[in-house]
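Below you'll find the structures, each written out as structure tokens.
You will see two complexes here that share chain A, one where it goes with chain B and one where it goes with chain C.
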Partner chain A sequence: MIKANLQLDAKGLACPMPIVKTKKAITDLEEGQVLEVQATDKGSKADLAAWASSVGHQYLGTVEEGDVFYHYIRKGSSEPEVEKTFEHTVSLNEIESRDGLILDVREEAEYAFGHIEGAKSIPLGELESRLEELNKEQEIYVVCRTGKRSDMAAQILAKNGFTKVYNVLPGMTEWNGKLTKEV
Partner chain B sequence: MSNKVAIIAANGGLFDAYKVFNIATAAAASEKEVQIFFTFEGLNLIHKQAMHALEMPAGKEHLTEGFEKANVPTIPQLVEMAQELGVKFIACQMTMDVMGLTKEDFVDGIEVGGAVTFLEYAKDASPTLTF
Partner chain C sequence: MTVYKWTAAEVARKVIDKEELFILDVRNHDAFEDWKIEGHKFEYLNIPYFELIDGVEEILPKLPTDKEVLVVCAKEGSSVMVAEMLSEAGREVAYLEGGMKSWSSYLEPIKVSDLENGGEIYQFVRLGKGCLSYMVISEGEAAIIDAVRFTDVFTNFAKEKGVEIKHVFDTHLHADHISGGRHIAAATGATYYLPPKDATEVVFDYTPLTDGLNIKIGASQIDVNAFYSPGHTIGSTSFIIDNQFLLTGDILFIDSIGRPDLAGLAEDWVDDLRETLYSRYRELAEDLVVLPAHFMIIDELNEDGTVARRLGDLFKENHGLNIEDEDEFRRTVTDHLPPQPNAYQQIRQVNMGKITPDNDEQTEMEIGPNRCAVR
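Now for the complex of A and B:
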């Protein structure tokens, strides 16, 4: 089961209802949160992916179980691009050859649909309460989708006494290597 | 990229209604501004009584079952949803005059206008669709 902030039951509904319901449901979410849309309409997969990209949300992927499609969409952000301030950075193509932990701070659903092999998942929102899972002696390479959330995560780690922390830039959007899925 | 979709509904059968309202609601749900210009038989689609009894094309009556099985919303439901999503309905004044209809014959919340009203809206819309 993939973690989502909200589930929408659109099973049994025909086009265009899954889209209309999704549009309404996503207004209840905050930016960055994940919506699960359950649908049986076979066209919903292509429709939701196209809809998400046209209105600025992030389509993560779909899991099929029997006749039901579980679609995952992360609510897009209208925030302007903020400057990344964490000074220790490392480029994406270097991290495979380095020792240490790759920490993926995207939402669990984003991680599930594709992450770097061996990466550990702790979503940014949970990081402060899960610091004990991390080792201060180890190099930690923090990665997200575009480098924005990982920048914030790296700052949180530094504030909590982690010294061997690097923000990985640019982020998973540019990752061309192998992807591990958990769906 | 234009954020406006302009639709002309000029036919009054059940299939025509689905084409018009499916595209309209999908566009509105994708955060587009949508206007539909209802003219000639297209006025059936928002007529208080006629919209409940739109006809299938001759010879296609057997598809009634298919519509039920696919759980397709009814036309009045789609009309309501389209309006809820902000789709604007414009009924053609000239056709209404010819058919002896008034604004009260149609669902609430429509506007009445002429061809120029629609053309002004549609001049920078993309796409403009005719059904």
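Now for the complex of A and C:
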């Protein structure tokens, strides 16, 4: 099961109701959180993806189980792009050839629908409580979708005594290599 | 204001009568780009319904007030929502009952011509998909050629005309739409014919449709002559009916020719296609009227809504019949082909009887434009 912050049951509903309900449900989420929409309407997949991109949410993907579609959407941000401040960075196309750990700090659902092979998943929100899973002696390349969350994650790591930390720029939106999926 | 409900039949009339209509298509952009309701004088605005959930005020200035407005979506639900919102905003609009799904299924029967001794030939125009089926009737008997899967339309039409369906033909194993042929035959006791070279993998019984097969319809003995014309498929067979009409199946269309690649054998079949179009058809009388199994664009419709053209005219006007150089012809029909029709491989499997999807799945497979031709 893919982790989501909120589930919406839109099973048995015909178009336009799955989207009408999704639109309403997503207002209850914080920015960056993930909504799972359960629907049986076959058209819901294309429509949700198109709707999400038109309003700035991120459509992550769909899992089909029997007659039910499980769609995952991450709520978009209305905040303006903030300046990235972590000084050590590494370019996305270099990290595969380097020897450290790729740390993917996106939400689990984003990770599930496609990540770099071998990358470890710790969502930004869980990072401070899971620091013991990481090795201070190893180089850590922190990646997210656009470089914003990874910038914050790199700062958290530095504050906690990690010295070999790099923010990966740009983020996964520019990744053209192979994607590993967990769905 | 009132919200009107239009049927696909009413929209079809507007297409054929070349009336004006403003279509507000509320499907998403990809779906609209892929296919839409085509009309000679139709205008379009495509705004996905999910951009209108909070209100329609922004699009009001874009909708004409001096013209009928029809709201269209995939299945109906969203168009009802948008039509009601427009109505509350003071606009008089209609929505399409059943949406594009019903448009894709609708058949308009149009009489092509009278035949000798009181016979008649009808063309069933499937405007939403570009499929053309035929019924030849004469004194109590009927033959059907290239029936689409809505078998009721044909059986009811036969009942209305008081004729018994005796023969059902498919000119070839179709890849772009699901055939209703063998189901009509099973329901009426008619004989179902299929070219044996296309039928090597089928899992049902059929009567071989071979070169030179001659069938007489009704007491007036309307002549139906089979004529082997491979190229779109290896079995593709044409018909000459009443010495007046040439049913070309998917070999020759009004403004294009058949594509040889839908069974994965373009290179093998291109020579057959050339031979059929440049030799076999050339030996026929130029006054024969070509009745194809498809049309591609709405401009191919005649004034009365039929799709039919004199063979001699096509020899002059159809680009695909005027490529002198054989290599250029080969390139034209094997390179740069349009995208293959939606689910064409599954559709072939259905037509072979290998899989039997339910009605909804069949609808899904057939959705989208027709792409059987090379221009």
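A few notes on this one:
Simple rule for what comes next: the second predicted complex is superposed on the first by the 183 of 183 C-alpha atoms of A that agree within 3 Å, B and C clash if a C-alpha of one lies under 4 Å from a C-alpha of the other, contacts with A are read in each partner's own complex, and residues count from 1 in each chain.
One rule holds for everything that comes next: a residue touches a chain if its C-beta (ideal position, glycine included) is under 8 Å from a C-beta of that chain, and two chains touch if they have at least 3 such contacts.
Fair warning: this is a prediction, and the values are worked out from it, not measured in the lab.
Superposition of the two complexes onto chain A shows a clash between chain B and chain C. Once the two complexes are laid over each other on the shared chain, residue contacts for A:17 go to chain B and to chain C alike. In the superposition on chain A, contact of A:51 is made with both chain B and chain C. In the superposition on chain A, contact is made by A:42 with chain C only, not with chain B. Once chain A of one complex is fitted onto chain A of the other, the partner contacts of A:90 are absent, as it touches neither chain B nor chain C. Of the two partner chains placed around the shared chain by superposition, neither chain B nor chain C is touched by A:63.
Applying the stated contact rule after C-alpha superposition, one finds that A:131 touches neither chain B nor chain C.
Residue contacts after overlaying the shared chain place A:169 against neither chain B nor chain C.
Contacts of chain A with chain B, set against its contacts with chain C after fitting on chain A, overlap at residues 14-17, 19-20, 23, 47, 51, 54. Contacts from chain C toward chain A in the complex involve residues 28-31, 48-51, 53, 73-75, 77-78, 81, 364. Put simply, chain A touches chain C in their complex at residues 14-17, 19-20, 23, 42-43, 46-47, 50-51, 54. Looking at the complex, you find that chain A touches chain B at residues 12-17, 19-20, 22-23, 47, 51, 54-55. The touching residues of chain B, when paired with chain A in their complex, are 22, 25-26, 29-31, 70-73, 81, 85.
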